[in-house]
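Below you'll find the structures, each written out as structure tokens.
Paired with chain B in one complex and with chain C in the other, chain A is shared by the two complexes that follow.
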Partner chain A sequence: MVSKEEILEGLAKAVIDGDEVKSEELAKKSIELGIDPYEALMEGCNKGMAKVSDLYECKEMFVPEILLSADAMYAAIDVLKPHLKIDASAKKPAKVIIGVAQGDIHDIGKNLVKMMLEVAGFMLIDIGKDVPVDTFVNKVEEEDADLVAISSLMTTSMMYMEPVIKKLKEKNHKAKVIVGGAPITSDFSKKIGAAGYGKDAVEAVKVAKSLTGA
Partner chain B sequence: MVDLTQRERLKRTLSGKNVDKVPVLAVTQTGTKDLMNLTQHYWPDANWDPKALADLAISAHREIGFEAVRIPYCLTVLLEALGCEIEKGDETRQAGVISHPYNSKNPIPIEDLPEDLLKKDRIPVMLEAIKNIRKEVGENVPIIAGAEGPVTIASGLVEVTTLMRWFIREKEALVEYLEFGKNAVIKYANALINAGADVFAVLDPVASPELINPREFDSIIMPIYKDISNNLKGNSILHICGDITPILPSIRESGFLGLSIEEKTDIRVAKDILDDKVKIIGNISSSGTMLSGTYNEVYKESVEALEKGTNVLAPGCGLAPLTPIKNCIAMIDARNDYFR
Partner chain C sequence: MEILVIAGIDIDAICGGIGKCGKCKVIVKDRHSVNQITAQEKNILSEDEISRGLRLSCFVQLNQDVTIIIPNFSLKKEQRILCEGIYKKTKFQPCIEIKEVSIPKPLLGDKENLLDSIKRELMEENILIDYLALKKISNEIHYGRKYDILKFKDEIIGVCNKEENIFGIALDLGTTTVVAYLIDMKKGDVIDIEAILNPQIKYGEDVISRITYSIKKGANTVNESIIGGINQSIDSLCKRNGIKNDSIYEVVVVGNTVMHHILLGLNLKNLSSSPFTPTISKSIDIKSRDLGIKINPSGNVHVLPIVSGFIGADTVGVLLATEIYKDNSISLAIDVGTNGELVLGNKNKMLSCSCAAGPALEGGNIKFGMRASSGAIESVFIEEETFKVFYKTINNKKPRGICGSGIIDIVSEMLRVGILDPSGNIKELKHERIRKNLSNNQKEYVIEWKENTTIGKDLVITAQDIREIQLAKGAIMTGINILIKKLKIEYIEIENLYLAGAFGNYIDIENAIRIGLIPNISMDRIKSVGNAAGEGAKMSLISRKKRMEETIISKKIKYIELASEEKFNEEFVKSLKFPEF
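Then we have the complex of A and B:
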């Protein structure tokens, strides 16, 4: 008989190792053993993913490893999710609209940031790649989002970030805009009036947390 | 020193011989809106017509003063010929790859290179454009042709996140695809060199340590690069985006004559590590200073790059289409004043 601790540790390890077969199996086992799925999620998957993000930050893990860890995490989440009870009294998570700026079809960075933000407890609405300015603005209003994360990998599409910021300011919307991507710098983000900039996915989470007080 | 032609100066620089001054040029894309307006040749059509392609490229030499003519304007020519669908883009948007014919979690075996590769899609356009350029600019101006490198080819064929997973799960297939990309690059590059290109630039953004572990770069990608540099019949250089400091020791042994770097990689650090075995090309910020800075800012950054010892003064990456022409001219002025 395995203990709860062993299951949770195993889950974290499966996520770190990027072993989606193992993580799914352990998630199922945790349900069978009656472990609180929220605990399995937080103390298993998320703990593993936090370690992954540390290892990425100190350049011991790279994008291939992170993608496999994410696969393992989502495999476990798929099992756990139907069993999660919705806690009405819990504080609502901050809502983030995320997408790749117009003219850009590269979404690997956006997907990494999305995943890290989800793990950090944000509620993500992914509006994809090559997203027109107005789609960003409309979606923010429709969802009453707290944060907008825009990514761009090309110098040709980074110029579509500023109009999103301007339009949201004109509308006095509370949503704050954070930006990132290969050609983006902290200077550029300040120039266009963004509320924050992350040089990588880990930094994006830190910025998002500080802006939302999460 | 007797006056060198621009072509001699670049060739001498890359082979480590003395030169009178550092060449100033671009090894990455040069099509800007200003130049399109001047030549009346616009993207996306200029990517498909050998005369327009040549004229727009030549304008970066004649109107800005870059000491080379560089083609093309995108990273899709080889990938299109290998079966990827292309989104043509528009005046300010580069053409891009939108479909990945080999995207599969379980690798699809990849066949041999198409026999008629050099006749496919835009490859004849490039070959024709090079001949046009040579006719127009004569023998004294170097022609630089670039194309996507093997890792970028593999990522176009199978999709980047799939390829990333293969780095861990499907190493055998990964190497098979990289070999395929390598063979495509060698065949295409040698055809361009035969048509008159002086320098071939392998552009491989997906090989950046911002994505891939430097250890894997060393063990998997380097042997492929060595084969490419060994098999090209002309001068070959490499461009990889991002901060590539961790892979500089490997690149030193790659056999490429030059390395094009972005501003995220420091010239002094690169120079120390490359130890003159591979010449440094760069690294004026194309997404920052050149696109949205002033003439003076570009000028200052250019002088700094020269002081740090860049071997070829060049933009760090492809020019953003909205880069003002005066910001490009600032690089030329800075170089000229520096060597006055």
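Then we have the complex of A and C:
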């Protein structure tokens, strides 16, 4: 008989190792054993993902490994989700609109940030790549989002970040804008009046959390 | 090896000839005239190499006179030949034609005017004449003498005395450097070369900052600055060689699409975002006086065609020089820079793409990265047993940083000796050179201790640096893999791999293969071709045939926008890992 601790640890490890088969199998087992699915999610998957994000931060893990970890985590979540009880009293998660700036179609970075934010408990609305300024603004209003995350790999697309910030300010919308991507620097983000900057996916989560008080 | 050094051959040997680095490979023709292959060599050389007679020159002892072949890759990097070979073979037949005419004294009653008699002498009745050339003919020609008439396309553009020399300039307009070659337009010889920093550096180092500046300040500012730079180079070439600006009749220009548009004073806005459409792609001929370039005012400025927003006239130049478009066999041309340009194909089909490699391969975004200048570590070898680092710096100065070729060597060597695993993670090994930086928890590897550097700090390569290199080489390899799949071929079918640009000259090819920057194909198929773009410009200057081929190339070549490829993300993630050997 396996103990609950072993299952949870195993789940965390499967996520860290990016072992999709193992994480799905352990998630199923946790249900069979009557482990609270919320606990399995938080103490298993999320714990693993937190470790992944630490390892990413000190550069011991990189994009390919993280994507595998994400796959492993989603495999477990798919099993656990139907069993989760919805807690009506819980605080509504902060809503984030995420997309790649106009003119740019590179979206690996955006996808990573999206995944990390989701893991951290944010509600994500992904509006894709090569997103025109007005689409960002309209979507923010439509969804009444709390946060907008704009990414760009290309320096040419960086210049489409500032107009989003300006237009939201003009409309006095509460949504705060965070930016990131290879060519973006902290100085640049300050210059264009962004509320925050994350040099990588891990930092993006920290910034998003501090801005939304999550 | 000692004998080779005495003979003045610059054989590569970072380890200093102690049989460790395996760089000094030579082929011994007659195996019996030297000592037997040693066990240590057998460790370093592959079986295939041994069977082909390869030895490490530091182990070879001669018993008698012997013929030794030194492969290109064993020579020190400075010595590697550029692609001047094809230029020399190019038939000299420039677009600027020189025709001798003698102008007989008109007799009383002759109704023919001066211009008509020149046309009759040229046997071209319908030829046009440039206005300034007309003035010159009118004011300077004496009846009864012989002159050279200069013709470009359907127009007379100049006249000069028979003994006067005329010149042309091939211009490589790089984002960082501008290189001008002065060419004798009667013989085709390269007389002099002038290289200056692109004066636009003050507006930013990369093309994008130039675009941003130009959009802010108007296309004229950046245009004036590049024209100023070009004129400055032309002036110094003229001064140094005692010639007049007026005796230069043509300038042929290559450059990336942004430089191309800046030179022509075209709007850069459309180049700045997707779908990156240029204003003009075809080659273009402009009167030098219209551009403000200080050669003969009737002279021509020819700008090579471009392929797309990311594949410029420089790539067309590389193709002219490598002649990929003529071959039956498949070739791959790689020009590595912040944007890497790739062309794959043969005479039937050519695909091109641009890879956002970023500056890491040139030393940018690397903790101790620097440009290839004095004191930069340029080649590295790590001893397997001790992890001791042997290196060479530019000008043999104490190290102050690492340039691109050095970084590639370091990563490759760390993989070879097992400090780095193929995922790019620095292994947990107990060694004084491998440690954790407590400020950010990142592992790093010490290349040189601070007392031996000029920066007062331990010179290290960090885990982050390795990731930067993975992103850069991953971007290039993704491009290669996508083109290969599009063309439905395998690596093995690549007969020629041309590495263009300074980068291709200085990197260690074996190491570039080991880190997965270029595909693992047989070394003898890989050729460093130096400034092939500049060579292409020279060819276009001296060959009408080559100039026609420019158009064929730019039409035949198809541009692939990598990021919009369905498999791009998948390929990119796969390419981030280091290959396992």
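Keep in mind that, in the parts below, the second predicted complex is superposed on the first by the 214 of 214 C-alpha atoms of A that agree within 3 Å, B and C clash if a C-alpha of one lies under 4 Å from a C-alpha of the other, contacts with A are read in each partner's own complex, and residues count from 1 in each chain.
Keep this in mind: contacts are C-beta pairs under 8 Å (C-beta built on N, C-alpha and C of every residue); 3 or more make two chains touch, one makes a residue touch a chain.
Everything quoted here is computed from the prediction, not taken from an experiment.
Novice: Considering only touches as defined above, state whether A:93 meets chain B (first), chain C (second), both or neither.
Specialist: Neither partner.
Novice: First (chain B), second (chain C), both or neither: which does A:156 touch?
Specialist: both
Novice: Just checking: does A:103 make contact with chain B only, chain C only, both, or neither of them? Give me first, second, both or neither.
Specialist: Touch partners of A:103: chain B and chain C.
Novice: By the touch definition at the top of the document, which applies to A:182: first (chain B), second (chain C), both, or neither?
Specialist: A:182 sits against chain B and chain C alike.
Novice: Under the stated touch criterion, which partner chain does A:58 make contact with: chain B (first), chain C (second), both, or neither?
Specialist: A:58 sits against chain C, while chain B stays out of touch.
Novice: Which residues of chain A are in contact with chain B in one complex and with chain C in the other?
Specialist: In chain A, positions 59, 62-65, 67, 103, 105-106, 108, 111, 154-157, 159, 182 sit in both the chain B and chain C interfaces.
Novice: In their shared complex, at which residues does chain B touch chain A?
Specialist: My answer: residues 87, 92-94, 96, 98, 160-161, 164-169, 209-213, 216, 241-242, 246, 286-288, 291-292, 317-318, 320-322.
Novice: Tell me, which parts of chain A touch chain B in their complex?
Specialist: 18, 59, 62-65, 67-68, 71, 103, 105-106, 108, 111, 154-159, 182-185, 187-188, 191
Novice: Please output the residues of chain A touching chain C within their complex, sorted ascending.
Specialist: 57-65, 67, 102-108, 111, 130, 153-157, 159-160, 182
Novice: Under the touch definition given earlier, write down the residues of chain C that touch chain A in their complex.
Specialist: 206, 208-209, 211-212, 271-274, 356, 358, 423-426, 440-443, 462-464, 466-467, 470-471, 561, 563-564, 569, 572-574, 576-577
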